[in-house]
Amino acid sequence: MSKEPRYSRRSRTPPGAPPGTLSVDPEARATRVHSFRFSPDGVEEKEGLLPVEEGQVLWLNVDGLGDHKMLSHIAATFGLHPLAMEDVVSVHQRPKAEEYEAHHFIVLRMPDRGAAQLATEQVAIFLGDGYVITFQEKPGDVFDPVRARLRNPVGQMRKRGADYLCYALIDALIDAYFPVVEQLGDQLETLEDDIVFQTGEVEMGQIHAHKRELMSVRSAVWPMRDVVATLQREEIQRFSDNTRLYLRDVQDHTVQLIETIQTYREIATGLVDLLLSSQANKSNEVMQVLTLIATIFIPLTFIVGVYGMNFDYMPELHWKWSYPIVMALMAIMALALTYWFHRKGWLWSKPRR
Amino acid sequence: MSKEPRYSRRSRTPPGAPPGTLSVDPEARATRVHSFRFSPDGVEEKEGLLPVEEGQVLWLNVDGLGDHKMLSHIAATFGLHPLAMEDVVSVHQRPKAEEYEAHHFIVLRMPDRGAAQLATEQVAIFLGDGYVITFQEKPGDVFDPVRARLRNPVGQMRKRGADYLCYALIDALIDAYFPVVEQLGDQLETLEDDIVFQTGEVEMGQIHAHKRELMSVRSAVWPMRDVVATLQREEIQRFSDNTRLYLRDVQDHTVQLIETIQTYREIATGLVDLLLSSQANKSNEVMQVLTLIATIFIPLTFIVGVYGMNFDYMPELHWKWSYPIVMALMAIMALALTYWFHRKGWLWSKPRR
Amino acid sequence: MSKEPRYSRRSRTPPGAPPGTLSVDPEARATRVHSFRFSPDGVEEKEGLLPVEEGQVLWLNVDGLGDHKMLSHIAATFGLHPLAMEDVVSVHQRPKAEEYEAHHFIVLRMPDRGAAQLATEQVAIFLGDGYVITFQEKPGDVFDPVRARLRNPVGQMRKRGADYLCYALIDALIDAYFPVVEQLGDQLETLEDDIVFQTGEVEMGQIHAHKRELMSVRSAVWPMRDVVATLQREEIQRFSDNTRLYLRDVQDHTVQLIETIQTYREIATGLVDLLLSSQANKSNEVMQVLTLIATIFIPLTFIVGVYGMNFDYMPELHWKWSYPIVMALMAIMALALTYWFHRKGWLWSKPRR
Amino acid sequence: MSKEPRYSRRSRTPPGAPPGTLSVDPEARATRVHSFRFSPDGVEEKEGLLPVEEGQVLWLNVDGLGDHKMLSHIAATFGLHPLAMEDVVSVHQRPKAEEYEAHHFIVLRMPDRGAAQLATEQVAIFLGDGYVITFQEKPGDVFDPVRARLRNPVGQMRKRGADYLCYALIDALIDAYFPVVEQLGDQLETLEDDIVFQTGEVEMGQIHAHKRELMSVRSAVWPMRDVVATLQREEIQRFSDNTRLYLRDVQDHTVQLIETIQTYREIATGLVDLLLSSQANKSNEVMQVLTLIATIFIPLTFIVGVYGMNFDYMPELHWKWSYPIVMALMAIMALALTYWFHRKGWLWSKPRR
Amino acid sequence: MSKEPRYSRRSRTPPGAPPGTLSVDPEARATRVHSFRFSPDGVEEKEGLLPVEEGQVLWLNVDGLGDHKMLSHIAATFGLHPLAMEDVVSVHQRPKAEEYEAHHFIVLRMPDRGAAQLATEQVAIFLGDGYVITFQEKPGDVFDPVRARLRNPVGQMRKRGADYLCYALIDALIDAYFPVVEQLGDQLETLEDDIVFQTGEVEMGQIHAHKRELMSVRSAVWPMRDVVATLQREEIQRFSDNTRLYLRDVQDHTVQLIETIQTYREIATGLVDLLLSSQANKSNEVMQVLTLIATIFIPLTFIVGVYGMNFDYMPELHWKWSYPIVMALMAIMALALTYWFHRKGWLWSKPRR
């Protein structure tokens, strides 16, 4: 059904290779590096690597994880820990934040806007002294607002350090989930209206698929709350007090996302009851029609059958008024039963509110 | 279905603008400022801004968040933090309490009495040295009791500080949820009675809608417990020991609200079972009628069919008493079956208690 | 359905009155005060107030909360805190224990034995230096065992302090829930037997009502665990080490009550499945009867219909043995089908164990 | 249904008697005391009391709680706390461990092997300096392995202290639950197989009864985890470091029991769905038979009815080949419908895997 | 159904034997010992025991727990604690990590790849000074990657200590669960597709069996999270800071496994609703066919019955056009009803999306 990659799948180290081995997935895309280096004085952009420079902040944005040589080169240049690099190329990690001596290592998942179906893509962030390195699976991401702010000559962003850049990237990533969750909420409301007002045919499979999408977003967002909390709360030297204030803001948004998802899950669970009840209603309606028709006509058919019998001695067969009297009696019976069904409320299915 | 604004919707900073930017929603209402300034000696009211004065407490009540200039002016005058101001104009925040250097920042949600449907409106409160500033989306709020107490010349409220004013506002806001929750409880009992005593036709959609309203109130009230707990427990200098005693009281009320909502949710979940069972009962009843009629008349129809056959050699057709005997036998059969159904309890649907 | 007062209802301070105002409910009962004053030497009882005396323990038992003057007088005499007194007259409080400077304030709920339906009544207890004051809504309570022990000249109770008296009252109150919960357990077993052994007609509404009563008891008992834990654990000077040992005993009983209620709730939830399954069984049974009759007789009716046709050329109509042969064939068909149904197990509804 | 004593029932102190009163249940069994006194040098057994002796460990095993004088005598001799003694004779206590000055007091529940139905019996253990006293409701217990080890001249047990004896008793008691839980697991698998492979008729009542038994075991075992954890973790002087190592082992077993019970409860919950689905399947099957027969024969009966009409002008009645043609057409119709049902998969109920 | 050994079964010490007795299961397999001894200089392998040597790391891999003498010999040689050895031969332990003075003792469960059905096998690991000893029930395990790395002359593993070897074994064991869980996920998707797209017949029993397998994996994996957390977090001297970094990585994988299992369980729960709804749909479909046919033909059969009556005075019987008119009217009735059913949407079962 949903074809998104599952977390359980691990394209990790081949058997016999020790943990910490950088084993590039042969199907991964070609690696493309884009550098930003900025200081309050200006910003320098380049396709390819720029070196770290004193008093400047470097953002290395790496797309595609297929080039083993390039990845090894970057890892060696910046002293990225082998265990972290292994997680970078193994793209089904759970979001997490880990402190290494030389750098902080953060794994997040961003919503994949390109996909037809709801999917998430892994983003690995290294925050070191004066640099931020981000690794993504494919080109196309949610960081354009950050790029725009960096390129804006009057923006305040160039005056901040690498920790603020790191915060800005996380903030942009979390913000990108809001339209996704909103869309799920809209779908939920459509399903709800279709069931309640019978404006459309809803099947359990649709509710189930919706719940799976909610689970998928939740499993991406849920651990990010801990990630942001870890970055903010711990006495981590890499984040200034001011940036920590901004991280608190990001955490608020993450909690808000999680609560919204939780609420949607509860609503979706309610839709299951709604649909089962609607099916039971429909079943009742069908049965009422059947019962109505059968209850009226089966006895009448019996009566006409009586007078279809071929006994020699059936005096009423020869009476002149038998036929109209029998017909009239049957009409009265039918009317009486119809009235009784009307009283029981079976005759007309109630209009929905 | 429910058209209230969802938390997930964020009318926040446009892409490229940094966090902390005050981006006023173009559809927001015009801003209206009302000032109260009081000391034990008296109270001064004014449409518009009054300055803070030594030994006096200022309450700035701001309605409507559409006037960028005015909001910026207030923020600059009182030194309100940009991140907090951003939350003020982004009206779908989750309740929270944040400590900044210059002031405390509290976001709450109050029930919107004007709305036809259950809705909540964001209230942002700044508590600083000698002032309280409240921002609301629209005019009309739940603070009239506080205003009445301030205007009351013999009331004790003028003798208290800004922290007590802040407490009084929170207290009034929490209290405003009690009638809302009570009304939800009344609706729940009506639904319950309608199902159990069949005094009305209840559909799953109604229970579902009720559960959604409970969720909506809960998502507004639930985080306020933490907010009040934070204000009360932490060694916060802005609240005096005495006011903290009063905050403990507010927290009791919040917990009481949450437990009531929780109980209502459990009851609503029970109503789902109740309704499904009632549908199954109805289905059984319909089926019993059908079975009753069919079981009695289908065999009889067969019998009369037998004597409707046109075989040349059917001796009983020519006997004189055949007709009355067959009719009598069929009557006995019908009565026997009816008695059997009576014994099985299918004949009469039991009256409900 | 259940008409007991809900927690959400707050007959509190009228709008404009500050918190801590003693606003007596005009419908409350007349106030009646009964005093016990005891020391190891003896006990003194009086309708009305007795003063505190050095070396003696005073128990003031106040029934009915309608006399504003009397309540104010007691509050002033003993220095009871206004916030606590406000909770005394607002009789829908959640159980809680609060420490004030001059006294401890404990709110509990006792089962109301007088009521036809399960209800709880608020009891407020003040424990100060040498005195215990209890406030109840109406006369009639669960404290008679305590009174009996006080009046017993050889009882040990007179030798203990106010803290032990306070413990004894709490203990008596918790103990009063045991018969209530036991009765709920008996009702549950009756429902269970009625469904399983079909000894009675059970409807979902009864299970639902039972669950509501369990919820009602739980919401009264649940917070009392915290209350007793607070009194026992905190380094509270008012309770001696020995009394604290007794409080530990009370807490055991509270936990036992809560676990029993929790178990009953799970059983009640199981009853829902039981009843739904029993309804489905009944539905199957009805349908089996219908199918049995219809499947046997509808084909037979077709056959007799065939020989009721009026075609000129139907040779078998003129054969001598046609009629008995057709009748015999139909009998064989009916028997074969009946045997088939017997094999499928539809013929006889199984007897219940 | 289940007739085991419920926890809620408290045969406690009569009204007016203070807590800590030893009120023996008049229906309790006669008291029988068995003493073990051992040291590394040997073991001494006696029906009746043996005194504590320096350098020896005494185990007093008391069966039956009906002899007030004997119980009081033991309590006085060993200085057992009145509150603890009250719990000893009140046999529906929740498992717990309490520290008193003179001794540790432990209440456990052991499975009652003698009972036809699953039941638990209270065991109260006092651990003091050089002695262990156990009180049980009736003779017959799970401590025979411990007795065997004590009587074994080459066993190591005689060399250990009272704390190790206490551990050994708890260990034997917990171990006695494993066969009980295993039997519940076997019953669960039988139920499961009976539903899935239709090897037996299962009713919801059986699953419900099974869930109740699981709940009953759980409510006995669950608090014992805390009991063992308390004994092991707290800096309790009475247990040596070595015995504490053994207690850790007991706790592992308790956790294992609880997890197994929890798993069984989940499986039992799944059985509910399984049974409901199986009922729905059966209902579908019945309905398919009915629909099959009715859909084939009702139209045919109509057709033969048409040619049973007595109109004077029905030309086809006089045609020579009408009868065989009509019969052939009806046969084709019946075959076509049967084929259609075959295609829809309604014709043959699928064989179960 | 599932025939894997249950945790509850304890093949432990026979009654009367003290805890800590090494009681070998008579059905256990013959014991086979394989030794690895390595240092940065090389590796030595041997079928049988190698002694510990200064500066070298020894890995003793023991298969089969049937040889009491050999097990006792190993225990004596390395000073393994009796309580731990008892757990080694009792193969239904819950995963746990325990610290003894001479060594660490870790119990884990590895997936049993050989079994037809999902099963787990116990692995006990002792980590001491310079040695790791692993005990398994049968030959065949998940440690081949570790062996390959040890045998690899240029691998880094020989340079590490016993703690790293211990980590590598745990890592290999946890990794072995990923394909197992992935397979469960694939099965779940097949079930899901079969229900939603009706590509296969799914029965509740299959979903139930799947849930049981998930429970089985969960009960093996769940406690391993605590095990790894204990090893990593506690200030345990046996693990170097570097190895602790690697253990953090293992814990990430364990958490990932648990979350995946949890998600699968939620999906499986959703499948229950899906299947019940699909059954209800099928039931509705069957009923619609029945109602359609019965509602159309039962009234028609009544009409033809009317004209099959044998009254002498039925004028329309003698009219020339009666027969075609009645036939036409009946055709119109049938068409009208068919159209009405078409409008109600009962005529054609909707194609599934």
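A, B, C, D and E label the chains in the order they appear, each numbered from 1.
The working rule: contacts are C-beta pairs under 8 Å (C-beta built on N, C-alpha and C of every residue); 3 or more make two chains touch, one makes a residue touch a chain.
Chain-to-protein mapping (UniProt): A, B, C, D, E = Magnesium transport protein CorA.
It should be emphasised that the depicted structure is a prediction, and the values quoted were computed from it without experimental measurement.
Trainee: Which number of steps is the smallest that gets you from subunit C over to subunit E via touching chains?
Mentor: When the steps are counted carefully, the minimum from subunit C to subunit E is 2.
Trainee: Over half shared numbers or under half: where do the identical copies subunit C and subunit D land at their interface, same or different?
Mentor: different
Trainee: Roughly how far is subunit B from subunit D, centre to centre by C-alpha average, rounded to an integer in Å?
Mentor: 41
Trainee: CA centre of subunit D versus CA centre of subunit E: separation in Å?
Mentor: 25
Trainee: Find every residue in subunit E that makes contact with two or more other chains and list them.
Mentor: Subunit E, residues with two or more chain partners: 276, 280, 283, 287, 290, 294, 298, 301, 305, 308-310, 314.
Trainee: Taking touching chains as linked, do they make an open path (line), a single closed cycle (ring), a hub with spokes (star), an all-linked set (complete), or other?
Mentor: ring
Trainee: List the residues on subunit A that touch subunit B in their complex, please.
Mentor: For this pair, the touching residues of subunit A are 144-145, 148-149, 152, 155-157, 168, 171, 175, 178, 181-182, 185, 189, 192-193, 195-196, 245-246, 248-249, 252-253, 255-257, 259-260, 263, 266-267, 270-271, 273-274, 276-278, 280-281, 283-284, 287-288, 290-291, 294-295, 298-299, 301-302, 305-306, 308-314, 346, 350, 352-353.
Trainee: Hey, which residues of subunit E end up touching subunit D in the complex?
Mentor: Against subunit D, subunit E makes touches at 1, 6-10, 12, 15-20, 83, 93-94, 96, 98, 201, 203-205, 207-208, 211-212, 215, 219, 272, 275-276, 279-280, 282-283, 286-287, 289-290, 293-294, 297-298, 300-301, 304-305, 307-310, 314, 316-323, 326-327.
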